[in-house]
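The block underneath contains the structure these notes are about, expressed in structure tokens.
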Amino acid sequence: METVEPEIAQKPPSRRSDLKKISFSPRYLFTLGRKMAPPVAALAAALLVGAILLYAAGYSPWYAYGVMWEGAFGSRNNLAETLLKATPLILIGSGLAVAFRSGIWNIGAEGQLYAGAVAATLAGIFFTGLPAMILVPLVLLAGMLSGAIWGGLAGFLKVRFGASEIVTTIMLNFIAIIATSYLVTGPMIEEVGKFPQTAQIADAARLPRILFPTRLHIGFLLAMGVALASYLLLFKSSRGYALRTVGISPDAARYAGINVGAGLMISMAISGGAAGLAGATEVAGLTFRLYQEISPGYGFDGIAVALLANNNPIGVIFTGILFGALRSGSEVMQMNAQVPSVLVSVIQGVVLLSAAALGVFRITVAESRKE
Amino acid sequence: MKSKIWQLTSTLLGSFLLLVLAGGCSGGSEKEINAGVFKVGLLSPGPVNGQGWTQIAYEALLKIEKELGAQISYVEVEQSPALFERAFRDYASQGYQMVLGHGFEFQDAALTVAKDFPNTYFFISSSKIREGNVIGVDSDSSEAFYLMGVVAALMGKAAGLVGGVEIPPITNAFIGFTNGVRSIDPDFPISTTYLGSWTDAAAAKEAAFSMIAEGADFIIPDADAAGSGVYQALNETGPGYWSFGIYNDYTSQAPNNMIGNYFNDYGQGLVNLARMVKDGNFDIQTNVEFGLKDEDVIWVKFVEGRVPVDVQESVETARQGIIDSKINTLSPIR
Amino acid sequence: MEPLAIVSFLAAVLAATWRLATPFIFTSLGEVFSERAGVLNIGLEGVMLIGAFTAFAITFFTGSPVLGLAAAITSGLACGLLFAFLTVSLSANQIVVGAALNLVGLGLTSFLYRSIFSGRMETAREYVSFSPLEIPFLSSIRFFGDILFKQNLMVYATPIVVLLGSFILYRTAFGLSVRSTGEHPRTVDSAGLRVSMIRYASVLIGCGLAAVGGAYLTVAHTNQFNEGITSGRGFIALAVVVIGRWSPWGAFAVSLLFGFFYALQLRLQAVSGITIPYQFFQAMPYLLTLVVFVAMRRRAAPPGALGVPYKS
Amino acid sequence: MSETLLKLDKIVKTFPGVRANRGVSLEIRKGEIHCLLGENGAGKTVLMSIVYGLHQPDSGQVIYNGEHLDLRSPKDAIKRRIGMVHQHFMLVPTLTVAENIILGQYPPWKILRHMDRVEEKIEKLSREFGLKIDPKALIHTLSVGEQQRVEILKTLYHGVDLLILDEPTAVLTPQETDRLLVFLKEMAGRGLTVIFITHKLDEVMQVSDRVTVLRDGREVATVVTAKASPRMLAKLMVGREVLLEPPPREGPKGENVLSVKNLFVNDERDLPAVREVSLEVRSGEIVGVAGVSGNGQSELALALAGLMPVAGGEIHLDGSVATNLSPRKLSCLGLAHVPEDRHRMGVVLPFSVAENFVLHEFDHPPFARNGFLRYKMIKSHAMDLVRQYDVRLGGVDDEIVNLSGGNQQKVVIARELHRKPRLLLVNEPTRGIDIGATEFVRRQIAAQRDAGAAVLLISSDLEELIALSDRLLVFFEGRIVGQIRASRDRIEEIGLLMAGKSGKDLVEK
């Protein structure tokens, strides 16, 4: 086939640059609206499917959703709970945005979260003598490093052995979860009680709370910080420039002198580190010890959170809060309207399906393999 | 590019702030509905209609509703400890007088929340704690399992125990069984398998099959929903292999194999407690532990015509011994 | 152990191996078709759950496990149609759709189970399932009789289905076009075949068989449904396909291997003196997958166009 | 005169932005070997794809055996006994020869019961036509020449009256080529009609009965080969009006900047693509590399740019060893590279124009400080270059995908040239861009030469090479087959060399 050159009519130098100086110009709002429309439509479609299910099962959708809204945002405490659930989602989603933009499919955030939680717990149990100023960062750092190593492992397997990261990260998820189960029933089991859980971490290892009297802890601010940092990394730093180039066109990256293999491993480590941090904040901020099932699937929800935000970490803050609200609201919906909270999985799944149907991911998500 | 991004960021952050403010404002109007209604909440660690452990609590809740006219509610917190505290707090702040956390894992969260809600009773299943208004409620399965052990040692050749996950309620029950067996025959073989799951009935079924192949003729599950896999295995194998229904009447699942049922009407026990709470005369100072002494809560009933009279007599002797505290079903093995 | 005891131990483990391997066999065979056509479906877990629930519900209400199985296949085909429409017709990302399918599968089956069956637990436990069928004479052969001839119909069906799958894949024109589509869709296009039709068909086969794998859990191996009853078997099936190197008999063999780990794990715990934690055996399939990747280097090559949407 | 088998009447085919065929008319007679001769982009492949049903024409008619044809898919063509061997083989590498040949032949439910019979039939065919192949062999174990045999066998198996071959010799060794040509002649003798797309005059002369020359999507002439000379054909093929010519300026040639000794490079399939090439480029000169595409020029460029491993030999850049260095290091040594495939390599399409300007320097000051991009600097840099190189756009924040091909190329040229390279490696700088941009790009390249850079220019456009180069190296099958002063009156000789008509007398000292 001969080269086909798309020949797009040349635009005359326009006065658009003038328009741009006016913030919130109609044009800007229009672009923003166009960007937001598909995710919003996807959410609407999902809520509709949820409503149909509710109606069919004999509940009043209007009432159930009302209770859900109330449960997610209705009070200071409910809002705090929503943000608490959003915290790991934002952390994981920001990291995954980096990975997905770099063209690597990290499905393993769940396992990386577990790896982080294990390391954070170990740090919190062993270094009891240290003051909070040192111990809290140490615990978080341990979680982050452990997650980064767990994620980097999949990156290494891809770069060195050509192993599909989609398959290896799924496998590493199970290995981490099973290993955690072994640790809390075996070597790390608490001394007293002998329930399958570790001892509590030191008081000094616990994250300070920020919104009295709720449980909202500093991890939420940390998550916002990580989202911002991921945004800066991706779109404002030279490293991010390299990663995005790798994600869009490995050939162009090689041409630009970028080490593609290293880029893939770094982005796996970054996304793993963010997920590990999520594990650490769960332990140090909420549970204070390790259990068998420390995550109710945050690692998988995080994938949806990142994709729905078009792999933009700033957008992840909002989709993370949205998914946090869905989870948190659904719990209250179950308590007060007796609607099974599993409904929220259906809603989340349908959000993804309709977003996929609307082509939200087609442009920005690089295909991991090319012919 | 830069200005576009800042516009985006500021728009989004602005709308977010609005959201926070809205939430914060309505935070002042937290509702306190407490007028006269007796309200009981349940935190279930799994699907309430899962069979076995989680179902017990749900049925107890329904019984409280029926017998005491309470307003009830439950929430499934799906094994995520991070969410427990929130659920306790939600119930307590809505004026629930009694909240049951159905499992040891709820203990930490209840202790934290209880300080802020002195007027709510927090009951924690399979816990032995008693700190202020946090009260551990345990039904000691080891006593009933002791009796099963006696039956197995007197009537069978070898026993197999299929546990869900290796946690104290299960291991304690199995210790009771072993002590019961040892009281009759110190050399009676017992093998134990844990599934690592409460739902994998297929695995339980295979575990039972393998025990049968090894020569066991008494196979008893303590594995929640997965446990019915054991009954299915026995049913398929045919007569001559025995089991007990655990917590409920499971005779229909293996009509030819069920020698008896261990009933644990935890609900009745909780109704007893709830009545005290409702009437405002809860005066137990320690943790609560149901045992064979609470005859309307825990009892073992044999299937008609399956257990010889002499065995029944031995069992009755053991039961009396346990009630009179002459037998310690949890004494360490060897 | 006595030699005789070892033989009976082995017979029991191997019999359990086949039963435990059966859901992997059905599901991974289906995924072999779909991946051979270039479509990666990580939503197998969700499809299995939907199949398991559908089979359970229909068997419960009609009393016929055959009808239940048929309904499960139908539900699997419906999932496949949705998956293919999104990934083939709309070129949506296969990973996204697969992940969504897992969420929907878990949520929908749990929601429906609660809505329909809450309060019917006692009765739900009793319905007829595919029960073991002892084959006369053969089942009384020592050792082999226990392993091979005392299973239920769906277990017996596995080698037949794999044989059929292998036959279709390697001995029919359709199979040839499936194998070509996953490797080099442009060639298929230039041979005048329709890539999208072939992918639709393969995805339908994949999801249909995954639903059968799920149904096996509720109407054959046991006769009950629990939320999340598949316990990650859909993901293990993905590993099976890789280690089995995208061939039906390879998937069959690896499924049996994984079933063997599972059975051995349950057995070894009961044998005193062996103290390997059972988690080690649980993790075995996943560890093995990683080892295979390392050992095979780049030779364990998946179909050349796996995961890539085709635009003519 | 024998009767007409295929008649194309005023075929027009336009792709977005490209008019591939602008009303081509053509007649093919039964039993003849008809060559389609033309440069890259002349529209040969598109025209034949229409005959094979892969594309549908915008207007014009295809008349085959006196019947008006409306082909919807290759299936329709195969049914009418039209076969095509594509330049990029349509074979599934993991299947056997026999399986590839019967792909798409049967309805899906058909059981392939007698593969042995199929294999037998293939063996019989291969014996009959002297195309030796093992029907059970897997495609990826076969050499390129053998794979081509499979492609031809495929058409024979299906039954073929009209066989179209698209650049069949581009991938073959000379021996294989000879064998193919002999085979085609033999087949024509048995009544098969062959359309043979090529650039190579040699082959045209050797094999064809008649030849049609295409240029810019139109047929220029159809001649009987026996009455044509290679010179005449070369002139027809490349004889375009000279559009522009930058003022020739013989700058003082300086020192050796690039020297390549006995270079060997293997292509992606690990087959030798560049064989024992030695060349030198001095400061202040433009050395052109001419050749039909696919003769090793791309691999030469990639190897020089550090993007493909060197299998043997040495590269020196400004005196230092530059063999197998990373692109980054080569860039530091003063190499700038305008790559052949703009969309895959030269630009990052979803990036803004400004971001594309710093593809090599994004992590150097002044564009980055402490690891952060300085968009202010990047933008002002972009705006400078946009002005300097006359890139037409709305703003430097626009995604580059929205620019026309010419303006995209200007961005690449600007980015590579502003660094004042010691060695400028330019591959197909004006392919697929409009005339205005072409002229601009050529001027810029000449300006670099004048500023003292050494320039290696690879192009399949002879006009361009002649207009710009000081001397020309002609590549054929991975080797330099001629070195010649670039001059318009030598164009026929260049054309002959490119087509593999070597004559030692043509090499100048």
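Chains here go by letter, A, B, C and D, matching the order in which they are written, and residues are numbered from 1 within each.
In this section, a residue touches a chain if its C-beta (ideal position, glycine included) is under 8 Å from a C-beta of that chain, and two chains touch if they have at least 3 such contacts.
Keep in mind the model is a prediction, meaning the values are calculated, not measured.
> Which chains, if any, touch chain B and chain D both?
Per touch definition, common to chain B and chain D: A, C.
> Which chain pair shares more contacting C-beta pairs: A-D, or B-C?
A-D
> In terms of CA centroid distance, which chain is the most far removed from chain D?
Relative to chain D, the chain whose C-alpha centre sits farthest away is B.
> Taking each chain's centre as its mean C-alpha position, how far apart are chain A and chain D in Å?
About 46 Å, centre to centre.
> I'd like to verify one number: the distance from the centre of chain B to the centre of chain C, where each centre is the average of its C-alpha atoms, in whole angstrom.
Chain centres of chain B and chain C, defined by C-alpha means, are spaced 33 Å apart.
> Determine the centre-to-centre distance between chain C and chain D, using the mean Cα coordinates as centres, and give it in whole Å.
Taking the mean C-alpha position of each chain, the two centres sit 48 Å apart.
> Chain A to chain C: how many Å between their CA centres?
Result: the chain centres lie 30 Å from each other.
> Hunt down the residues of chain B that sit against at least two other chains at once, touch-wise.
In chain B, 4, 196 touch at least two other chains.
> Could you tell me which residues belong to chain D and also touch two or more other chains?
375
> Give the residues of chain A touching no fewer than two other chains, as numbers and ranges.
181, 185, 340
> Flag every residue of chain C that touches chain A in the complex, lowest number first.
These residues of chain C touch chain A: 40, 42, 46, 82, 86, 90-93, 95-97, 99-108, 110-112, 114-115, 227, 232, 235, 238-239, 242, 277, 279-280, 282-283, 286-287, 289-290, 293-294, 296-298, 300-302, 304-309.
> Which stretch or stretches of chain A touch chain D in the complex?
1-11, 13-14, 16-17, 232, 236-242, 244-245, 248-249, 251-252, 254-257, 363-364
> Spell out the part of chain C that touches chain B in their complex, as residue ranges.
So the residues of chain C in touch with chain B come to 8-9, 11-13, 15-16, 19-20, 110, 113-114, 117-119, 121-122, 125-126, 131-132, 217, 221-224, 226-229, 231, 262-263, 266-267, 269-272, 278-279, 282.
> Spell out the residues on chain D that touch chain C in their complex, using ranges where they run on.
Those in contact with chain C are residues 54, 73-76, 78, 86, 90-95, 99-100, 102-113.
> Could you pull out which chain B residues touch chain A in their complex?
3-5, 7-12, 16, 19-20, 22-24, 26-30, 41, 73-83, 85-87, 89-91, 93, 104-105, 108, 116, 165-168, 171, 196
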